[in-house]
Amino acid sequence: MASPPPAHPRRLLPLFLGLFQGALLLFFAFFVNYNEPSAQAADTNFMANQLYSIFPLFQDIQVMLVVGLGLLLTFLPRYGLSVLTHNFLLLNFSMQWALVLQGLLHHFHHGQVRLDLHNLLTTEFAAVTVLISVGAVLGRTSLCQLLIMATCEVPVYLASEWAIITSLGVLDAGGTITIHVFSCYFGLGVSKALFRTAQWPVHPKETPTPHSDLLSLVGTLILWVFWPSFIAVLCQPGDAQHRAILNTLLAMSASAVTTVVVSSLLERDGKLSPGHLQNGSLAGGVAIGTVADMAMPPVAALALGSLSAVVCILGFRFLTPLLVRKLTLQDQCGIHNLHGLPGILGAAASAMAILVASNNTSRLAVAGGGSLLAGLLTGAVLRLPCLPQPPEQLCFDDSLYFKIQDQNESLGPGGTAEEVALALKEHV
Amino acid sequence: MASPPPAHPRRLLPLFLGLFQGALLLFFAFFVNYNEPSAQAADTNFMANQLYSIFPLFQDIQVMLVVGLGLLLTFLPRYGLSVLTHNFLLLNFSMQWALVLQGLLHHFHHGQVRLDLHNLLTTEFAAVTVLISVGAVLGRTSLCQLLIMATCEVPVYLASEWAIITSLGVLDAGGTITIHVFSCYFGLGVSKALFRTAQWPVHPKETPTPHSDLLSLVGTLILWVFWPSFIAVLCQPGDAQHRAILNTLLAMSASAVTTVVVSSLLERDGKLSPGHLQNGSLAGGVAIGTVADMAMPPVAALALGSLSAVVCILGFRFLTPLLVRKLTLQDQCGIHNLHGLPGILGAAASAMAILVASNNTSRLAVAGGGSLLAGLLTGAVLRLPCLPQPPEQLCFDDSLYFKIQDQNESLGPGGTAEEVALALKEHV
Amino acid sequence: MASPPPAHPRRLLPLFLGLFQGALLLFFAFFVNYNEPSAQAADTNFMANQLYSIFPLFQDIQVMLVVGLGLLLTFLPRYGLSVLTHNFLLLNFSMQWALVLQGLLHHFHHGQVRLDLHNLLTTEFAAVTVLISVGAVLGRTSLCQLLIMATCEVPVYLASEWAIITSLGVLDAGGTITIHVFSCYFGLGVSKALFRTAQWPVHPKETPTPHSDLLSLVGTLILWVFWPSFIAVLCQPGDAQHRAILNTLLAMSASAVTTVVVSSLLERDGKLSPGHLQNGSLAGGVAIGTVADMAMPPVAALALGSLSAVVCILGFRFLTPLLVRKLTLQDQCGIHNLHGLPGILGAAASAMAILVASNNTSRLAVAGGGSLLAGLLTGAVLRLPCLPQPPEQLCFDDSLYFKIQDQNESLGPGGTAEEVALALKEHV
């Protein structure tokens, strides 16, 4: 770290974010007001109930994204503070940016923008796509690059969501296609364009420790528990929502058990891989989204959950190494295995369920192909000289972004394992 | 670990679980459908409200079991990944297995099985008994043994719950007797039959570190916060449910304060034991279950909470060592102190409250005696040669179940304290 | 630790707490019963709905205080068990004590005290003030001193809340003034009176490690997610509550983004400070409380969130060192920056919003001046010889309160980093 300043324009981040906050304030000052339907509505009680039915689910989703997903990403043992912070900042930035874009669209149609909890929920879905996509390039990109990536991805998502849902007229309650498949191929496109030629060995700071794996597994468990809220929040209240909750619970339960089966079968000595558990247990939730609220036999939810765990883990074991070798395609967190493959499986299931395969193939093509292309373009933008990548030796390292205690200072009673280990190397 | 394969039939786990998932799929395909009462009901709104009142509590209980209980068990410092995974897998397996058993019972009575959130809640209670019971033998048993234990315990629980609630006609809203006392003596029975003669010293990997104690305490706090949901979920909506929530809050608050008092009194220098805090703070929640929704003076809830914390901690301090010495009875997590003693206290309180001591004694006998016997039989099954126990040196060790980084490889910057310590021993 | 017993009357803690529990039981036995309005009310459904609307928010607040705030304080790397336990015990003690005081007040007015969830919520707010105030003196005070501090603070809070809300007739939905400003100046008063002359260098055990910072950040994120529930719980159901939720979400989102901007600008090399993130992200929630439910343009919430993050971080960077240097005022967790400054900002915003500056200035004076004075008096009490402070070398150290494994014993495979580091020093 002798001379990072020239390579790292340290003022770019606060400048970009600061200007954005200023613009947001101006936009809100001129165009945004609260939506207060009960002022008009006769039945205040009805409105309050609306609020009470959506707010707890909204909170559950916030827990998933801020705490659950944040912890899931802490499997990188020296990069925990950074992933928690990046995840948190990207969520907030993307929601604000989606609010502006949504507002502009509505403004041109209806005059003033009216804000309510439902709007915020839609912007949260936009933010989810960003949080998934960055998983492909995590640890080797700067925070500025990730913010530019979010800036590009949110409008593409809003357009793609409009194309798939409004234009093609398909319901995708759990966002399997509009969120998971879309963001997966966007992220892979970015990764491909950004890391075009390089082909690294495993970075020494990339390998999880038992402790970072444990925290990451806690993140998985939080996501697993609250996933039904994510699927159910936009479903029709009543039977459809009830079905969505039950189907999601069944699919995720099957995923959890099947993950242990498949992971244990794949290892010569029958041991489990923490990475398989962290991802496979959630695959059912990704796949069930398209069909969760449909009136189908419950066995379909179980089967879909099992199958998606199988493809997720086979993807980690066989496809990811293949993509690296053949296509030099980096996928840091394996988003193709957790979001891409189960998403495609869910889309196929939905196609079979409603027997309109052509329709589904077309949406899948929109989500997959379109987002891949958009991702490639975004990745090309991230290679601009004004957006430098972190130097190789500081990848996956909190000290790139945080003031971390000097190693010699804290070698005393408060030192961490790594610091002790380093000291060991030097002293012994 | 030179030759574990012969001793450990590594294919048993995926074989067993895989066959079970297959059978579950078949069962669902033929017999299970969704319960959609609102199709018949005139008042859709009413059904939706039913759903909204039970779903948040159901989620709270999921958080308790998956995250809270999982973290509570991570006090074993080198076994965290394993306890989280075992807890998570056993929850899912037991719920699925209980669904099948419940379904079979109903099928023979009413034709097709109709699934709803209420069914799932009942299966979740069945799973809780398994999660409590395994606490007696945790760390010294293989995952296969635990799954067989769950296979035996769930039907015994369903029968015992039917006997106590339906046949003896007693309400036990919070499951004090049907869940806590039952599972405690079942687990102790298993432990007694499984570890009949041996009498170990403390295993070196068993001792908590400050950090594993901290994570475990976070688990306790999560359980503590959500416990009222567990007690209230099956109570009559309205005053009874309101009382159940208030009584649980009072009992748990008294437990927390009393735990500090008693733990501090028991130590010569007034220090606290992390284990006392992790368990004593929850004892009030166990004891209050029988009487939580009754119309009794609030002081009773406070007194019950205080008393149960006292017996729990005295149990840890005096009874557990006695049981080991006199009966060679191993109780790894002290489930007798957290679930057995406070459960008996709660049953006694309920007897006093409704003045039908005979009735209560009989249910207690059913729950305690019956489950102890069933546990002994289950423990005998777990000693079958086809279900080998883990070798002594791999007890309480994640490396038995997980691919863990090789020690020398990760001794570099990413090494953990233990690896560093081991290296220290070798190098210095 | 050769001779702490004379300096530390180890029996004081259990004696004090035990007597308090006994007194609480007596008080409940004679004066407290449940409030069961539905016994009188015709509409049981209505009562049940009341309960369902308040209970989830109550649980959210419990998660914030017990888990979120507890984890936030674990930034002290060797003091994690202690802060979790102190926070948890103080919450329970303060709630019980506030119940007694509230009950006494009501008793003299209305005869028997009637307990319901709303009462408990009010006592929880009283407990919050204690949990905030102790942040000023954390780590250098004994648990007994903190309990005495709670004993003094709760009645002062109840009086001050009555003076501000009832007597001055001002709504402060989110408790910005009544809770945050009040508790901040109370805590600073205690600190000033308690540590009158001393002026320490940084204690070696005070410095966070990356791992303790990570756990602390998880605490921040939990607080951040659930903050809207804290603000909304006492608002008028319907539009006002909806606005309160939206305004809080906007303010906290602006805080999160602005924190990154300001923290990055303040460092020469553009890095972030974990402490800034842990506190600044929450500043918006503190400031928005006064005005959250008012009908103001949404841009005001964004602006208030941004501004409060700015003053919070500037406070950490410039004001805290100044207070230490000029006033020898110790503020361990920087409560003046997170609760004091944003609280004053919120009060000013409220004054501008409702154009009754005089009124607000007076409440602020009551909250700030009165609580500072009460804090000074309390701090003087804590200096009594019967309440010894922990010796300097045991400050910020779990071993003061917990039975921690002996270092040599656990140096084996299960040793923690610190123990290994210590061993390293001795052996190498």
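Letters A, B and C name the chains as they come in the text, with residue numbers starting at 1 for each one.
Definition applied: a residue touches a chain if its C-beta (ideal position, glycine included) is under 8 Å from a C-beta of that chain, and two chains touch if they have at least 3 such contacts.
Because the structure is a prediction, the values reported are computed rather than measured.
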{"item": "Equivalent interface positions on subunit A and subunit C, same or different at half", "value": "different"}
{"item": "Equivalent-chain rotation between subunit C and subunit B, CA atoms, steps of 5 degrees", "value": "120"}
{"item": "Separation of mean Cα positions, subunit C and subunit A [Å, integer]", "value": "33"}
{"item": "Contacts with 2+ other chains: residues of subunit B", "value": "52, 56, 78, 417, 420, 424, 428"}
{"item": "Residue numbers on subunit C that touch subunit A, as the complex places them", "value": "52-53, 56, 60, 77-78, 204-205, 207-211, 213-214, 217-218, 221-222, 224-226, 228-229, 237-239, 241-243, 245-246, 249, 253-254, 256-258, 260-262, 264-265, 267, 269-274, 277, 281, 295, 297-299, 302-303, 306, 417-418, 420-422, 424-425, 428"}
{"item": "Subunit C - residues contacting subunit B, complex", "value": "4-5, 8, 10-11, 13-14, 17-18, 20-21, 24-25, 28-29, 32-34, 36, 38-39, 44, 47-48, 51-52, 55-56, 59, 62-63, 66-67, 70-71, 74, 78, 80-81, 84-85, 88-89, 92-93, 95-96, 115-117, 120, 215, 398, 400-405, 409-417, 419-420, 423-424, 427-428"}
